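First, the structure itself, so that you have it in front of you.
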């Protein structure tokens, strides 16, 4: 097991290496001169040239890449053109909001998806199952930014249950404030989880070992909880692991609408202002985040399901 | 093929989804005949009119007929969804087949590349690519092509590894058939079905993503009546003229559900055991 | 099914968390929701609205534009004197303190102005370069120029010339701007990047009894509709830039007041004068005739703005009687025919994808130009790359705008109409030597009617040459709860908060 | 007094193709300490009959339509609610499934799986349950049970897993074990070990066993009595020696003819021609008639014939062939 985990971690290294190359190349094709962007529209060509040299933009490509890798290794990820700060500092300031939102929406998604997946699986093929599934498909199909505004108007403005956006101080206040954005992201995640969990539940309910369990005289509840649900949830771990990338990405949209100062807002602002070190640093960071989450879910999965061996 | 059709027709979800897609197609084809309104004609004298007999879905802030625009937008959105799903699907299937079948360093190389692309959150990479290249329909395609193939590559490779172990492939190998022949005749048909099912859920997410890109001003360009763009441009009118967001939103949800249902139909047809 | 019970329980725990009241609202906190996020508080390294507006609440300048935007009023300098040849500027400082309690000294002023004019990081060097010698003397600061340069005085009212405490900036370097200290009405007490800036009243502020509010919260809310919802929910006291179409609706709501002001800004369509047919003045004028500017202001701006005669805002020395190109499609067609384009032509219109108003304007423009046979394809582009794209001359037409940083028209006329200059007539490459001469002369002429006449002439030449399609001057709009009194947006686009009061 | 008496049991399954009457009027008895073999082609309703006894229909929608399942001292299982059945399963009668590879929960340690039923029924504590699992593993001859008790199912071979399944079935000392083709999925040497294990158990504890199989060799080896099923019905039953040596129903004969027994080795196998009838809409009359070489028009009419003793047969040897009357 230990060896497996080490191997799995080692496998991450070439991926991360590739990630830096891809991020670097991506920004290389970007039109527009970063030095000119940074200096704004008021600076003279000479002043801009000074900055170009300062940032090594006059260097050959491979040297620029080496500089970028150095920035990543030292943990700064470069310096923002507009914030004039290390990208890592910007990321660390905003990371808690994105992580919090991701976690929060996943919890909400589970709370929504679990009971409905169970009900749907138990009444498989009947009207209630069909209805539940269609509602969840609809949840997936509704554009999140549209849903966000509907929620703000309905829950925040008309009912006054939640603030219209922003973040506050402290855990409880943020649980309250971030509920609507977490709900928007959570709904589409819930749809994905519900779909897969329902399938797994049905598959597990038909498994031979369920008959074995029943043959032992266990109660229906015991069979369901210990054998059906437990086994199905294990496979849900890996579904969440795969979908977490989608969830993290999904927060991008809602962060902007709900004025959550997370990584998504940072990315969008960086793209719109062409703050290229931020775009580059963030894409690498996002990839790192996904790789890490996948690593953790893989290990968790391997621990929960003894059959799975980490290669 | 015949048995595929008849089996598919037995899936209620599949038939419903197909029917819904046909409705969308019918609206697209028939609208120029039914609706007298040019989707691009501006009329400052008839702005933000609520739905009526004249304008079925009302008009927007430029006095354009929303029904005509939603119908015209269907062409764009369905084109985007189909192209952005099927081209990457083909790419991904090819990569997955080659990697899974040949194994060895080919597999290692292709799968490392796949892992790298897979590591980026979908939205982040698409946003970054479109943001860098600049917003246009062409660049949307590029972004989706670059990003979307990975899911298929992973699925198909997994299937190929499973199928390759089955005996008839071994038998075919022993009979010294060439690699491409084996792939085409034996592996491809079996490996494609899970990819096809995945493609439908991919289509739902693609329509969504296109709309989300429009939200950030990175999608299709106005005055094209792309649904996401229609919604985005009318967010400010959400309370004054709710029909401006409602109908494109419904269109988006409608086609999303249609794709999802077709996907379910395909799933039931192609893998009845619910594997 | 016990699992479901647990879920119910979990859900109710969350519900309880939700039922908790949000943090108590303190009286005398002014909450302003705006879309522009401050990026940095270093005045010489920023040029974005969010940063500039916030800096102006924290820092002082020697002199500053008055509220009407027509002249300058004392800031940290209680009085000043300009020598008759315009080469020596003498400022007498008032008795002011930074928010940490230390006095503002002439040395601080000299340090700050030198920094703006010389420091490598400064994006604003050109504005202060002409000042060649800085001297402090008692409570006076004496600045010397080698050649007459009239705008220099105005430029000292720029935010980039904000006065910083020398000691702290030298000691702390860049870190200073993370928790800046200034002599302005407020001091920074909290900053969540991307979310909000919290300001507290500066106890040492030189204007006795001001500011009236204890604390200010600047909330960054990027979506205009979300800002309106915030105001209506009572979570914001003031919001900037509500969606234009919602302003009428907002003003009819109880407890909400809307306001608007026309700042020094102008929106226009750049025409690439190096590309045919835009090299032909007839075509350029034809386009100006072809656009129904009244309709744009009415239909797209919802009357929040006014039709522009040229790309120059109506500011100091402006000729208010100058008439815009009238909407006259027949005349436009006639001019096009004269240019051999009776059947019109096809072209592309570059638009900033992030600018919602411009997206709408573009759609309307496309329709209007279509009326005279000009088929304009809309091409969206990232706001960030607009500048480099037009600079490189890779465009036909581009929807753009300009704002004035100063109250003096020199900056904008130089930017928009002079070629060669830094922007080469804002990338249109249009050139008029007479205008160039006038520009050079104006800069060396002391403020007065003579200089005014030069500006008027330049603007007329600019209008005739029509290097752009002149559109409109949009209003800056805001809305506030009725309990807020005294909030307004100044012609310089920023806002002051020291006079704002909240009544309960 | 028999331990188990099944009377006229009818069980239906709902499927996409319609309602299948997989068990159609089955009657059988099992005496205490007896091994009853239940044989027939696949799909004949052997498994369905067994599953009906404990109402374990898996993922499919099965339902007892009529008939009685009388368990001595307990009553009619067919009339019991699911909750009541839970008190019977495992404790009074337990079940051994066909495929040991899928019969164990892959995410639960084997010891826990063995003891969890006993934990509930006997109220065992953690320690006692653990000890019970070790004892049971020892009893089914799993080497080093103290160590193996904490292993995962995937760490076991097929034969060991089937031993675990058997240990599970023995946990509460049931009076009846229903073993549904317990050796089909295993290779021959392991098969014998498993069968020996079952025989041993019967020897020691007088546990009655219903052994479902399609292997007549197995039947002749360890069963006391045998019941032959065809198309949802029992066509012949009696002591093993009687039925195998002196089969009276044409189907049983055909089955035996198809068997490459020691006596018939070297002779060509005789396959039974045709396929079993559809259980959705079975033909009238004797269900074997369409494939029966001796069938007459009478065979193809009316209700399927009842089990009955024919003249000249030993006590308890019954068949359901009307032709037997005249033979």
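Residue numbering begins at 1 within each chain, and the chains themselves are lettered A, B, C and D in the order written.
We adopt the following convention: a contact is a pair of C-beta atoms (placed from the backbone, for glycine too) under 8 Å apart; a residue touches a chain by one contact, two chains touch by 3 or more.
From a predicted model like this one, the values you see are computed outputs, not experimental measurements.
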item	value
Central chain (distance from its CA mean to the mean of all protein CA atoms)	A
Identity of the chain that, by mean CA position, is farthest from chain C	D
For chain A paired with chain B, centre-to-centre distance based on mean C-alpha positions, whole Å	21
Centroid distance [mean C-alpha coordinates] between chain D and chain B, Å	52
Where chain A and chain C are represented by their mean Cα positions, the distance between them in whole Å	37
Distance from chain D to chain C - Cα centre to Cα centre, in angstrom	88
Chain A, residues touching no fewer than two other chains	31, 149, 153, 202, 256, 271-272
Where chain B touches two or more other chains at once, by residue number	131, 134, 216-218, 235, 238-239
Residue list for chain C, restricted to those that touch at least two other chains	223, 225, 354, 382, 385
Chain-to-chain touches, reported pairwise for every pair that qualifies	A-B, A-C, A-D, B-C
Sites on chain A touched by chain B in the complex	14-16, 18-19, 21-22, 26-27, 29-31, 134, 137-138, 140-146, 149, 153, 199, 202-203, 245-246, 248-250, 252-253, 256, 267-268, 271-272, 279, 282-283, 286-291, 294
Residues of chain A touching chain D in the complex	202, 205-220, 222, 226-227, 230-231, 234, 304-307
Contacting residues of chain C [partner chain A, same complex]	1-4, 7, 10-11, 14, 17-18, 20, 22-23, 37, 39-40, 42, 45-48, 120, 123-127, 174, 177, 192-196, 219-223, 225-226, 229-230, 232-233, 235, 354, 382-385, 387-389, 391, 422-423
Residue ranges of chain D touching chain A (in the complex, touch as defined)	54, 56, 58-59, 82-83, 86-91, 94-95, 97, 99, 102-108, 113, 116-117, 120-121, 152, 154, 165, 168-169, 171-172
Contact footprint of chain C on chain B as seen in their complex	40, 42, 44, 47, 61-62, 131, 134-136, 216-218, 221-223, 233, 235-240
